[in-house]
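Across the two complexes that follow, subunit A remains constant while its partner is subunit B and subsequently subunit C.
What follows is the complex of A and B.
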């Protein structure tokens, strides 16, 4: 591949991810509104929020690590986008593989932990402790699921996994071949989004949005950007692993929005679990389903 | 100052024509995305849930509730402010990031309402912090609250809602009123004067006799002690 072409792809992929992510945030808020019988926000609302937050006059920083933490939180996802193949663009996905992608998806939580640590707000510390506990809870089923898919495909190369699924048609999709892994993956993905009932680290009524409590202005704006990347990354990873990626932009976007709509629709119907309940649930059901799924694959 | 109309609007100096377009965009986004911190002190709070939920749905205007002062744009004070409460309201207000707007809901914030004769309530909210909008009524219905918020959105879009600048430019006036109520050794953790200098918002009324009094009593802020676990206090010998 020509270097210029690669550079264009590396710039375009996060940009596309950001725009699609903003629309996913909008979809999430619209679904919440529909479930609560409200009208919901206007089309450009996620963009208004981000522009306004970056346009605040006074920005309260708590120090250098606070600044770097937010950059890490966004940067981890921006790097992850270049490893996620989209129709027509592969970026560096062939060289990276799923394992690198999983590592990169952990960086935002760690960056947030660094940044929140310097704020010295007790609510933030509790929130980030819960966020890291939640990460421990959902990463184990996620790793089992990814291992199962990679074992079945015989490769950790995401491009090849997608190509095999597309070549064989609907019968070779991950969700058809490995339904148990697909269900386990869906639960793990729901938990990784941090939405109800797994919303333990945001918990506005209890610990005042946890990690976000001291974030205002561009710091909160950065986290809003991070959220849109997070929604995109999680749903596209799921689509690539189980639903055969996308041959065209239309079915790619359709699949990723539909996949995201499942956890989001469930989310706004449920209250919140406690931390130990989340751990118990995550380490019991998705892990069990995932292990049985792996047994079938082997 | 004491009346909303008197707050002077000072235009930002811009020479680049593109900056004007950018300002316009930012002002528009500010008006369409308002995060609300509701400080519910009195009975007016009961009118907010219907304004936010399915009956009237504030989110269609881009207004959503937030839980911490750092994230919020609007400080909504719903009801009477007692002297103890007012201290907390001022601490909250100073922690918010500018541009910030204050809305006083109910008659109590306008003139004390039915607590006029009470010794323990602050009568007029705008003596202690610049109020951008009052929504009068006892209590105002959700329609009135949303109507008021739409007026505020209009004022933000045109750039008139600059109450927060007034707090920096006339800090002496507000601090004087606060000192009258809380005593001369009143001090908040936020250093407003330094902030005003940093953001180039120093006005004629920023420094005065009351800020001089503050400097006499001011104690340097110390970082909170960091320790793990429960510590038993040693008995004094």
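What follows is the complex of A and C.
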């Protein structure tokens, strides 16, 4: 591939992810509004929010690591997007593969954890402790799912995993071939988004919004950007593993938004689990489904 | 007689011991020893062709003992482990010889003994690594055990008790190894590697089983494999700071070296795989792999519960050994490369982590995770080193630990081992939780009043730490550098070699190129920084200017979350910590006590006629039958 073309892709991929991510935030809010019989925000509200937060006059910093943490939270996702193929663009997906992508997606969480840590607020620290515990909960079923998919495809290369599904048509989609893994993956993905009933680390009534307790202005804005990327990355990853990726931008976006709509709709209907209940749930159902799913694959 | 390069290296190492012994009470002894380690390292680098597939270098020293030939030589395997040994010795000794040493002396520590013990450790490790037959291997093994004991025991008190426990385990291991060697000798008629290689192919299954069990138990004790892991964490944690950095980096890897040499090179993974366990679907190789993953999981989750930074790190050291063994017993090109690469990577970040924690102890006097906090503003460089180290330990990009773990994961995936794969990832996730607690409780959160005026660690300690941090990052960016050495080790022990590049590994089933991954990661950070810093300027506030639910915070209010850090997790898994292995150890101990009491009873009775009678009967029986 021509270097110029690659550079354009590396710039475009995160940019697209950001824009689509913002629209996903909008969708999430609209769904919440529908379920709560409200009107919901206007189309450009997510963008307004980010601009507003970054433009605020009062910006409170708790120190260098607080700042760097936010930079890492945004930067990690920007990098991760270049490993996630979209229609017509593969970026450097072939140079990393899915295991690298999963680990790269932990960098933003690490950045956030460091940044929150320096805020010297126990509410934030408890939030991070809970968030890491949640990660321990949902990542176990998630890696089982990833193992199953990668083993069935015989590769960790996402480009090939998508290409195989597209070449064989609907019957070769991951979700059709490996329905148990697809269900387990959906549950794990829901938990990884940190939405209700799994929002144990935000828990406004218990720990004053946890990681966000000392975040305002551009700090909160950075987290907002991180969330948009997170919604995008999670749903696109799911589409790539189970729904054959996208041949055109239209079906790619359609699938991604639909997949995301499932956990988001569920989220606004349920209250919050306790930490240990989240662990119990994740280690029981999706793990069991995933392991049975793998047994079918092997 | 001309000296070979190996003779030269061993000679320098011996000289280092002598200098530490006789000149060690002079003031600049630390520096002298450090320089001598540097010379040893240079002498090792002269053998660098070994790391790129060169021919083995023999020593001119050959001994004949009771018809047995004892010889020493260096091949790619020895060279790779010796490089890690000397590198960590040089940096640990450098770290020790400045301000740390003065403080240690003031506190009543014996600096002379410390340097002597370090030099002895390095010397004995080199002897072990150079062994050219099973007998010289055993001699080297014993030397390493006792040298390690000296370093662990020197702090006195708790340390001596931990060291006694270690040496008890080590002696049991030595017995097992000795038994194994005797068995080998009976069947092969020689202790030379070549003779053993031919003998193995004719061995029966029960014979081979016995050997595999004896050797893996014996060598596994040194590595801290389950269920022989209990001695390691307290012993390493109680060793004086730079000593624990050195031991944590390389000491228990001697067990892995021996496993590689005996189980992988001499016996061969294929032969081990042919040992089926009756009535189950698994064989001896699977058994070793499962021991490896249990060694990953249990010590990692024990580490998570520690409240002392050094104990926490030492427990992780045990767990990381599991990844190395796991990669080796999977034994395909990628897995073995991952396991071997992890030896190097682990040595770099574990040494850096122990050094950073020792720097904190140097300034604050404690490593209790509930008595620290907020130190990042006082010791930013130490924070950075610890951060680099924990990212390596947790195995996240962009540090080197990621590459070796990635290789291990990939091999488990290629070989279709889902349960081992998931178990290995559980270990990594547990590590992430545990190391965040480490960095949070020391460097993040609220700075205590009593720590408001402390300074960054002195430069004599800082420079080795920074060098290590740089190595961790560079070998993460360019894993091809150590992978070249690893590849020649794989060739030397008869394993297949992965198709490595400067930035990672090429493979039809998914490649890795760290140069690109890290490139985009830092580009991402750059864009993130651009967005962040171009927004409104932020104002730095005092740490007490904080949300406290409407209360005012004052300096005397402790506003920090550190104890029982993963409370929610412990609600679920807290009850699973049963201390079963401690119970097992205790029951073995009381069994031995009971038996010795019985023996003592017989002995104390001192009934001469009875002894005479029974001896006579025994002799008669012997003669008649």
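Definition applied: the second predicted complex is superposed on the first by the 298 of 298 C-alpha atoms of A that agree within 3 Å, B and C clash if a C-alpha of one lies under 4 Å from a C-alpha of the other, contacts with A are read in each partner's own complex, and residues count from 1 in each chain.
By definition in this document, contacts are C-beta pairs under 8 Å (C-beta built on N, C-alpha and C of every residue); 3 or more make two chains touch, one makes a residue touch a chain.
Nothing here was measured: the structure is a model prediction, and the numbers come from that model.
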| item | value |
| --- | --- |
| Which of subunit B and subunit C A:144 touches, first, second, both or neither | second |
| Subunit B versus subunit C as contact partner of A:88, first or second or both or neither | neither |
| Contacts of A:168 with subunit B and subunit C, given as first, second, both or neither | neither |
| Partner chain(s) touched by A:71 [first = subunit B, second = subunit C, both, neither] | second |
| Touched partner set for A:39, first subunit B, second subunit C, both or neither | first |
| If touched residues of subunit A are counted for subunit B and for subunit C, the larger one | C |
| Partner chain(s) touched by A:56 [first = subunit B, second = subunit C, both, neither] | both |
| Which of subunit B and subunit C A:136 touches, first, second, both or neither | second |
| Touched partner set for A:128, first subunit B, second subunit C, both or neither | second |
| First, second, both or neither for A:120, with subunit B first and subunit C second | both |
| Subunit C-contacting residues of subunit A that also contact subunit B | 55-60, 120, 123, 208, 213-214, 217 |
| Residue ranges of subunit B in contact with subunit A within the complex | 25-26, 29-30, 32-33, 53-54, 57, 59-60, 62, 66-71, 73, 95-99, 195, 199, 223-224, 226 |
| Residue ranges of subunit C touching subunit A (in the complex, touch as defined) | 374, 376-377, 380, 383, 387, 391, 395-397, 402, 406, 409-410, 413, 416, 418, 421-422, 425-426, 429-430, 432-433, 436-437, 439-440, 443-447, 508-513, 516-517, 520-529, 531-533, 535-541, 543, 545-549, 559-561, 565-569, 571-573 |
| Complex contact set, residues of subunit A against subunit C | 10, 14, 54-65, 67, 70-80, 82-83, 92, 94-100, 103-104, 106-107, 110, 113-114, 117-123, 125-126, 128-130, 132-133, 135-136, 139-140, 143-144, 147-148, 150-151, 154-157, 200, 208, 213-214, 217-219, 221-222, 225, 274-276, 278-280, 291, 294, 298 |
| Subunit B-touching residues of subunit A, taken from the complex the two chains share | 29, 33, 36-42, 44-45, 47-49, 51-53, 55-60, 120, 123, 204-205, 208-209, 212-217, 220 |
